[in-house]
Every structure is written in structure tokens, then in C-alpha cells.
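There are structures below to look over.
Both complexes shown next keep chain A, but they swap its partner, so chain B is in the first and chain C is in the second.
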Partner chain A sequence: MYVAVKGGERAIANAHALLAKEGRGDPALSPLNPAAVAGQLGVLVARVMTEGSLYDPELAARAIVQAQGDVLEAVTLIRSYRTTLPRFGYTLPVDTARLPPQRRISATFKDLPGGQQLGATFDYTHRLFTDRDTAGPASAPDGGGPPDEGMPRVSDLLGASALIEPDQALDGDPEPGDLTREPAVFPMTRAERLQSLARGDEGFLLALGYSTQRGYGNNHPFAGEIRVGEVDVEIEIPELGYPVPVGRVELTECQMVNQFSGSADTPAQFTRGYGLAFGRSERKAMSMSLVDRSLRAGELGERAAAPAQDEEFVISHSDNVQATGFVEHLKLPHYVDFQAELGLVRRLNAEFRERAEGASGRHDGAEEA
Partner chain B sequence: MTSQALPAGHSGEADAAWRQWARALALAGPGVLDAAWREWEPKPEVQAIRGPEAGLVMMRARTDGGGARFNLGEATVTRATVRLHGGPLTADAMGTAYVLGTDTAHALHAAIFQGLLADETQRERVLTEIITPLEREQAARDAGRQADAQSTRVDFFSVAREHE
Partner chain C sequence: MSTDLTGYNIAYLDEQTKRMLRRALLKAVAIPGFQVPFASREVPMPRGWGTGGVQVTAAIIGTGDTLKVIDQGADDTTNAVSIRQFFAAVAHASTTTRTSEATVIQTRHRIPETPLTEGQTIVYQVPMPEPLRFLEPRETETRRLHALADYGLMYVKLYEDIARYGHIAQTYSYPVMVAGRYLMSPSPIPSFDNPKMHQSPALQLFGAGREKRIYAIPPYTDVESLGFEDYPFEPQTFDDPCAICGSTGVYLDEVITDDKGGSMFVCSDTDHCEHAAGQAEVTR
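What follows is the complex of A and B.
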């Protein structure tokens, strides 16, 4: 039970003033400009948008500055802000295969149609500090024209020969459940699970994905394809009667391909896990696809014994706003709560002492006899 | 008479054109449409019918890229509907725009140019002075990004276990 407290207004106001002062840093330096944050800390902005479940780089950058770089605090700001806005509708499903991606790699196929493109990546860097003032190495354009054959999804290439499971379409393309509108009920559909994982904490999903690789629900994954690029967003507008493009968003997509030995009614084939996140969020998309696959254990008739295969455990603990709210509320005044427990412990201690004294009394008596 | 942003009995072809124009207006950089409207003469009167107001759209994607739909997360979007009358217009015209983000001026000005596009006498001028330059700029930006991306194309050579 939580009992409210009163008082402390002045102290609280001063604490907030002090927080702002700490956040300002050296007053001789110019304050952080959110637009510069959006441009120069793009990966952090992507994380705040993804876990805040709201695509808006400008707002995410503002949240990061206000939260003094605390990702969860920034995510909470974004989540609170979204509750103040009306919902205008839904977009058409984004088509990640349509626009030429900036980055597109496959760890499974060396020579895939459309070729591989590293894009803007930290891969293959030396992970050493560079000179402070260099903008980075010069680039040497290769002059090659755009690929003629387009960049089909890797899953569609193997899919043709049925060695990889096809896209999981459902009859009649039903409306997916929406966790922002209805409470989570277990077991979830895969669509609901993906929505939940999409805004789940990157660190938590990374750890769970890692656990599956280390043998806790082993599913032997390969990165079938990773894409980063901008997709057009179109929304269905009732008064116009046709979908209208409203802008573009940058997304990271990961198709994880996993070994599957088959079951009584399915031949051996590769199964899939899917990850999709806002902005440049490759680690998140990869972790999400690993966990999406491990949570399909029940559907694929696998023995589910590892934490990453337990849907209720994973989904209930992946939201970092919920998690931090419950953990951090412990620091708020719990005086009445604690007083009650203190009284209980005192009484139990007194009873324990009485029992101990009584027992030693009997013992002394026996000696005398 | 009010000419709708979308004439009744529209064809698929007309839809495609409207979508393309909406796309160009939505992708305009910050401040571009504001400046264009400031310099636009003669101006019709603009009456705000709805907004500009910020809201949300739930972005959808497909499981595995091409399977069942799921809700990925929301995006901010700003919408505006205006009625234009007087000035160079032959009749009142309506314009509606939806633009990602919370830039209310962007949505308002996109709606105004949508309204001008709905007027037969203004359409050519909007296409020449606004839409075409926007499309050219966006194509150049895309081409630049694509060239950057293509400079990172890679051929990996396996050293062992090839075609085993």
C-alpha cells in the first residue's frame, strides 16, 4: 500500500532548478541545440523514437536534451507526449522492399540479386578513437550505376524453393491487435508480440537474444538480410478516398533465418524471425528478430524451457517505461509502509526473544534437576 | 460553387497525379512552402476549416516483410484543411494536407497549395513554380543519397567451403 505524503514544495522546486543548472553544464559553452542532436546523435535519437514508439526525430532530440541524455527519461517524455495527441488513423503497411536501401547486407548469400551495400555502418571500423578534428575518411565514389535487378528480399529468393518458410500471411489480412488500445492478453498473436517487441528495451532484448545464442533455447540464427533505408508512408484518408503520401521514415529491418529440423507435419526448412525499428537501430532490429523467433517455440512445436521462449515473461518485462517506473518508485517516500513492517519485525523479534528465554529457562531447570 | 480537392468520379490516373503532388508537398524541406506562399501573388483569401492540428498515425508493417500486418509504432502527423476564395480563383476551392511531423506551418501551406491545385486556372502555375522544382530537388537528394550508398557496394569472396 502506498500512502501519500505532503510538504516539501520548496525543496522540490529548488531540486528542479538545480537539475536544470546541472544539465546546462558550463555556461561559457553554448547549449545543445536539439536540431544538432537530431543530426549528430542520430543513433540515440533512433533509440528514443523506437522505444518511445513514436517517430519524430525533432521531438526525440528535444527529449534527449531535456532528459540530459537519460534514454529512459527521454522515452518517458515521448510516451507522455503521445497521450496528449488524437489518433488520426493508420498508415498502409510500409513496404520495406520498395525503396533502394542505403544499407543492405546478407550474412547468408554472398551474391544476392542487387548486391550488398554496407551503407553507414560501424562494422569494420577499428573501434579506435579518431583524431578529434577529422570529419572522417574521404570517400571514393565507385561510379557504378544503380543495380538493374532491384533488391528483392532474401526470403523471397529461398522461399521459391520452399527451403525457407514463406511470409506468414493470414486469411483475409485481419486487423492486427493494438496494444495501445487493448490490454495485453496472453497468449498473444505474433502481430501483437511484434508490436510489443518493437518498443521493447534494446538492452533487455539484446540480452535475451544473446541468451538464445548461448544455448538457452538454441535456435541457430543467421542474419538473412539487414536493410536500412527510407520508406514512403501513406495514410488512408477517409475524405479523399485514396492513400496519400505524408512523408518518409527511416527504418531498420532484420530478417533472421533459423535452422529448423522439421516436425511431424512440417518438412525441415529454415524458419524466420523478424525485426523492425525506427531509424538506424540495427542492434535492436537484430535482437528483436532473435526474440521473435524464440517466442515462436510453441507454434513450431519446440520444447520451451528457456526464458527467451516464455512469452509472458519476455513481453511483461520488455517495456522499459513500465520497468523503470516500478523499480524507481521504490525511492519515493514509503514511510507508513515501512513503519508497518518495522512494527511487525519488532513484534516478531520480541516473540523470538521470549521463546529463546523460555527455552533457556527450561534448559536451566533440567540441569538443576 | 466549391470545387473539391478531389473532383467527383475521379479516375485512377487522376488519383496517381494527386498522390504525386501530395508527396512532393509533404517531402518539402522546412520553411520551403512557407517562403513560397509568402511570395505567391495574387493570393486568395484563406479560411481555416480544420486545423492545422497535430495528431498521430499508427504506422503499420508486415510480419516478415510481406506477411500479416502488425502495428509498428506511431508517428506524429499534422493536418490542415482550408477553403480558398476570391483573388485569382474562379470558384472557392478546398485543400487538405497531411504531413509527418508537428510543423503546423508546413501542413497549412501544403493545404493551401492543394487548394490552388484544385483550381483549374491555378494548377499549371502551382505545378510549374512549386511542384516541379520540389520534385527536382527531391530527385537530386535521392540520387545523391543513392550514389553515397552505392559507393559502399561490396563483393565478398569466400575462401573455403564454397559450394560444398
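What follows is the complex of A and C.
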């Protein structure tokens, strides 16, 4: 009984040993090699990198193996490591128009400069199990790749004729906020919101994006463009005076194009929602762009009534590391507070009985009289 | 827990982060009861499991400090053990279970029974720093209410309790007014512990990691639990003494002893209980 709360130290050590045993599975089989995970479970690795806000496929793969496949646990591992890393400076904005896409599609134009390119996608695959002994279709040989011609962004094509809102350069090009280094305060700038959405839970954003399509804050989206590819990351070194590439990251970018009926001072034009994620993360990028657009309701003077249009609601609940931690903290002991509530409920009950007895006593008295 | 932590700074957080935290702490001490937003970092335990308290402790702990960690008043509940081991590993901190020996006490849900003294710091883990949150879910709105010291909402809530139940039905996270200015959540400590905050000689720091807020009560500050003239604040009381050490006037946990409704009441503060039981042995 009382000793049940004692010995926490030994219990923890034993629990860790059991966890390690469960995670190892059948010892006759070879353990998972993180490098193989990074190569073969690339989509999962991309999700962990995106929500963990750290581009490192090898580390993300290690996190997935250590977390025994628990995505949110892996994201937590990545985030807890990332936060201890020193910050040297900001990279230059990546130029996604320059990336030779591995995949590029537009749902708004049949053909466009640079062409459509399906690339590596699950779209149009038949979701049938491959034979146990084969790996499915033969994989493409290395090399080939897309022709190295320019692939301007669809939004730039429309922008040329002023039918779509331009990229908004902010006055004076201020330093971007950084949610991981400065306290976030509502209302947020769009840049901060996008940062937050980029770290947000794929499932949560998917559900919110879906809700806008079903009428809760409808914003009539078209997938203007989705592209996947590797892009150079460059940083300006003050001593050198010119940008130096520090590496390449694989990105998925989604530009949603949405109707906007115009207002007193703006003619009717298309507006945009934006999504960007590490690796092949198409679902995430699309969901993010839907939610980004719906959160612009206030800025565009639209009536904001749906959950997906409510900044505090969306941003406060999109971080799965926070969400899972707080939901799961209910596992921790709460017996001090429960005891306090127990005392209150007992007291309320006793008072209820007293009142009931008092009432029936008066009733009996009335009969006697 | 592995003690092999190559690649991590002392007390886990990098020095810049500690500086950021200390700045937030200084601001919090300067404005008692005011919630200071801070750029809460991830720490290697889940959000909601004391990450705010861990960051505050990491920012203030030094090699000369002795750390005590309690959860529900006990030193050996699993999460308290986990956090204590964390600091032993990353900060090379000496640890203790004795309240009187500790210089820093990190706590969840309780204030120790042994009165705190000058020079001690108590760090509370806070899940919901905003006392008005369940009355007004919007941060933009509650910030405004604090700025205007407009706490009518809370008084109405307490009044409605009295109208409905005959008394205030808030048993933990009982709201307090700090230095006559800011309404503050004392974290989910039972209201039994509220009076210990008033004019405490110890420095009281509050960290909410998930909600990214830090607040503080400097030593010897007025902390008043809300109430009305005719319905004043009433902390919990217990009828029976602790079944183990015989202490009275302490917070007790009910421990179920059988499946026929039997139970016993024992100290929630394990350090106090051990000490009191030892004293009882000596006198006998």
C-alpha cells in the first residue's frame, strides 16, 4: 500500500530495461540499421524532420529507431536535441523556382513553362500488396532527371498579369521572428504563423484543411503548384561578402490558389496559401497551405467563424509535442488534487443529505400538526 | 538514465538560453505575479511533465546548490525521481530529500510542510499559468484583463460557486492576488498550501514550459487567496492525524487499504512523515 509509491528509482530502471527488450523484437533477426531506415522509410523520416524542425535524415532515422516507430516520440527526441544547438545566423531565403524539381504538378494549368512532371509519387499506384518475394516495380535507374530548363512558379506566371496577389515583401525586410528563440505572442505575423504551421502536426493540419473543404470556412482552393526537389541552402558569411552554399535540403512546396472576390480597394484576384515541408511531405505541405490561407481571413476582411480561421485555436493546438505531452501527463499522479476534490464532493454530498433530511423532517412535522 | 551526455552543456541548456531564462526570471521577480512570456525550449522530457520547472531550475542551479524534487509532496514518485536523476546527470548537482537541506526545491502540486527559509528557492511546475483561462480561452483577451486588473470574471465565478453550493468550490489552483495587483494561479497545489505562499521568506518561481510563461513571488510578498468578507477563503482541513507519523495540520493522502471501502490517511509530504515518525520513535 503506502510502499507502492516508494522505490520509484528501481521501478524506472526496470521499466527502461523492459522497454529496451520490447524495442529489440526477435533477437534472432538483425536490428534495424538507421541508414537503411533513412533510405527506405524516407517519407516517415521527412515527417520527423519537418515536425522536429531539423534537417538531418540520419539523425531522424536514429530517432525513429530509438522511439520504436513512435513518430511523436521521435519528433520530441529531435526537438530536444535541436534546441541545444547554437545558432550562427540565418540562411538566405531558398529559391524554390531554381530547384530542378524531382516532381512538379499544377492542377490549374494543363501545360505550363517547364511542364508537368509526376516524379516519385504514390498517386496512380494501385494500393495492392506486392508479391511477398518481390519489391514491386523495378526502380528507376539513376541519372536522367528533368531537363535543366527554367520552371517558373505558377504563382509568378499569374502574378505577371496581376491576377494573383504578389509576393508581399515586408517594409524594410525585417529579420524574421523565430518561434524557437523568442516568445510567441498573439496575434502573430504571417511569417511566425507559417513557422508554427511548418512544425505543426500533419494529422491535425490535415483535419483542419479538410474541414475548410467541407464548408467550415470554405476558401475555394486550387492546387496551383506542388513541387518536390532539392535546393541549395546558402548563408552569407560577413568576412567573405558573398553567399556560400552550406548544403542541400529536399523540400516539398505547395502554393494553393484561392478565390477572393475583392473589396472596396482591391479588385477581384486570386490569393494564396503557402505550405513548405522537408523531404517528400506532400500531404503536410498541402494541408499547411489550406490552413495558412484560412488563417488569413482577418487580413483579407473575411468573416472568421470556423475553427480553421481562428489563429489562437489553430496555432495553440497544432504542436504535437505539446499536445501529446499534456494529454499524456494525465498518467502522472494527481492524488493531491484528487484528494482535494474528493473532500469537496464528500462535503457537498453530506450537505445534500442534510438538506434532504431537513426537508423530510419538516414534512413529517407538518403531518403531525 | 544514461549518464553519457557528451555533446550537451552543463545543466543541459546552452548558456544563451540560460541567459534568456534569467532575464525572464528577473523581470518576473520585479513584477510579482505577472506572467512573463519566454521562449520555452524543448527539454528531454515531455511537455506537461515539468518542462517549465526544469528550465527554471536549469537556469538557476549552480554547483553549490542542493536540489530536492517532489511530486505530490513525495520525493520518490517516479517523475520526481526522473527529474532529480536528470539534474544529477546533467548538472552534477547534489541532491537531497530533506527540505531543510535543499537550496532549490522543484515541486509539482505541493509546498513542503517544513517551513521554507531565507535563501531557499522553490520552483513550481505549472501546467496552466493563466488563472482566467477556463473563464476566457483567448490569450489576447486575458492579457488585456490583466493589464486593466479587471478580475470581475473570477469574482463572479466564485460568487456562482457560493450561489450553487453554498461555498467556494475550488479546492486546488485556488486563485491568489499577488502584492495587491496581479491575479495569479498558484499552480495546482491544494488550497491547503495557499497560506504558505503569503510572506514566505523563500523565493518562489513558477515555470510553465508548454504555455511559455514564467512568473514569480519575491520573498516577503503579500499573497492573498481570493474570498469575500462574508465568505472568506477556507483552506482544506483534515479530521484525522497521519496514520504513520501522527502529524496533524498537514496535508494527507487517502490510501485505499482493501476493497471494502477501508482506507487510511497518511502524509503527502514523505520527508516530513519520515522525520516526524523518527521523532516519535525517539520520544517513545
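Heads up, the rule we're going with is that the second predicted complex is superposed on the first by the 349 of 369 C-alpha atoms of A that agree within 3 Å, B and C clash if a C-alpha of one lies under 4 Å from a C-alpha of the other, contacts with A are read in each partner's own complex, and residues count from 1 in each chain.
The rule is short, and it goes like this: a residue touches a chain if its C-beta (ideal position, glycine included) is under 8 Å from a C-beta of that chain, and two chains touch if they have at least 3 such contacts.
Computed from a prediction, not measured in an experiment: that's the story for all the values here.
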item	value
Partner chain in contact with A:Ala11 - chain B first, chain C second, else both or neither	second
First, second, both or neither for A:Pro137, with chain B first and chain C second	neither
Which partner, chain B or chain C, touches more chain A residues	B
First, second, both or neither for A:Glu312, with chain B first and chain C second	second
First, second, both or neither for A:Thr180, with chain B first and chain C second	both
Which superposed partner A:Pro86 touches (first chain B, second chain C, both, neither)	both
Chain B versus chain C as contact partner of A:Gly215, first or second or both or neither	neither
Chain B versus chain C as contact partner of A:Ser155, first or second or both or neither	first
First (chain B), second (chain C), both or neither touched by A:Pro238	neither
Which of chain B and chain C A:Pro27 touches, first, second, both or neither	neither
Residues on chain A lying within both footprints (that of chain B and that of chain C)	82, 86, 179-180
Chain A contact footprint on chain C (complex, rising order)	1, 7-9, 12-14, 16-17, 20, 37-44, 46-49, 51, 71-74, 76-82, 85, 108-110, 127, 137-140, 165-166, 169, 171-172, 188-192, 210, 212, 236, 244, 251-257, 264, 266, 268, 270
List of chain B residues in touch with chain A within their complex	5-6, 15, 18-19, 22-23, 26-27, 53-77, 79, 96, 98-102, 145-158
Chain C-touching residues of chain A, taken from the complex the two chains share	1-2, 5-9, 11-12, 16, 76, 79-80, 82-84, 86, 179-187, 312, 316, 321-322, 324-329, 332-337, 339-344, 348, 351
Residues of chain A that touch chain B when the two form their complex	49-50, 53-56, 58-59, 82, 85-94, 96-97, 100-103, 105, 110, 115-121, 139-142, 144-146, 153, 155-156, 166-170, 173-180, 190-192, 194-195, 198-199, 232-235, 237, 239-249, 253, 255, 272, 274, 276, 278
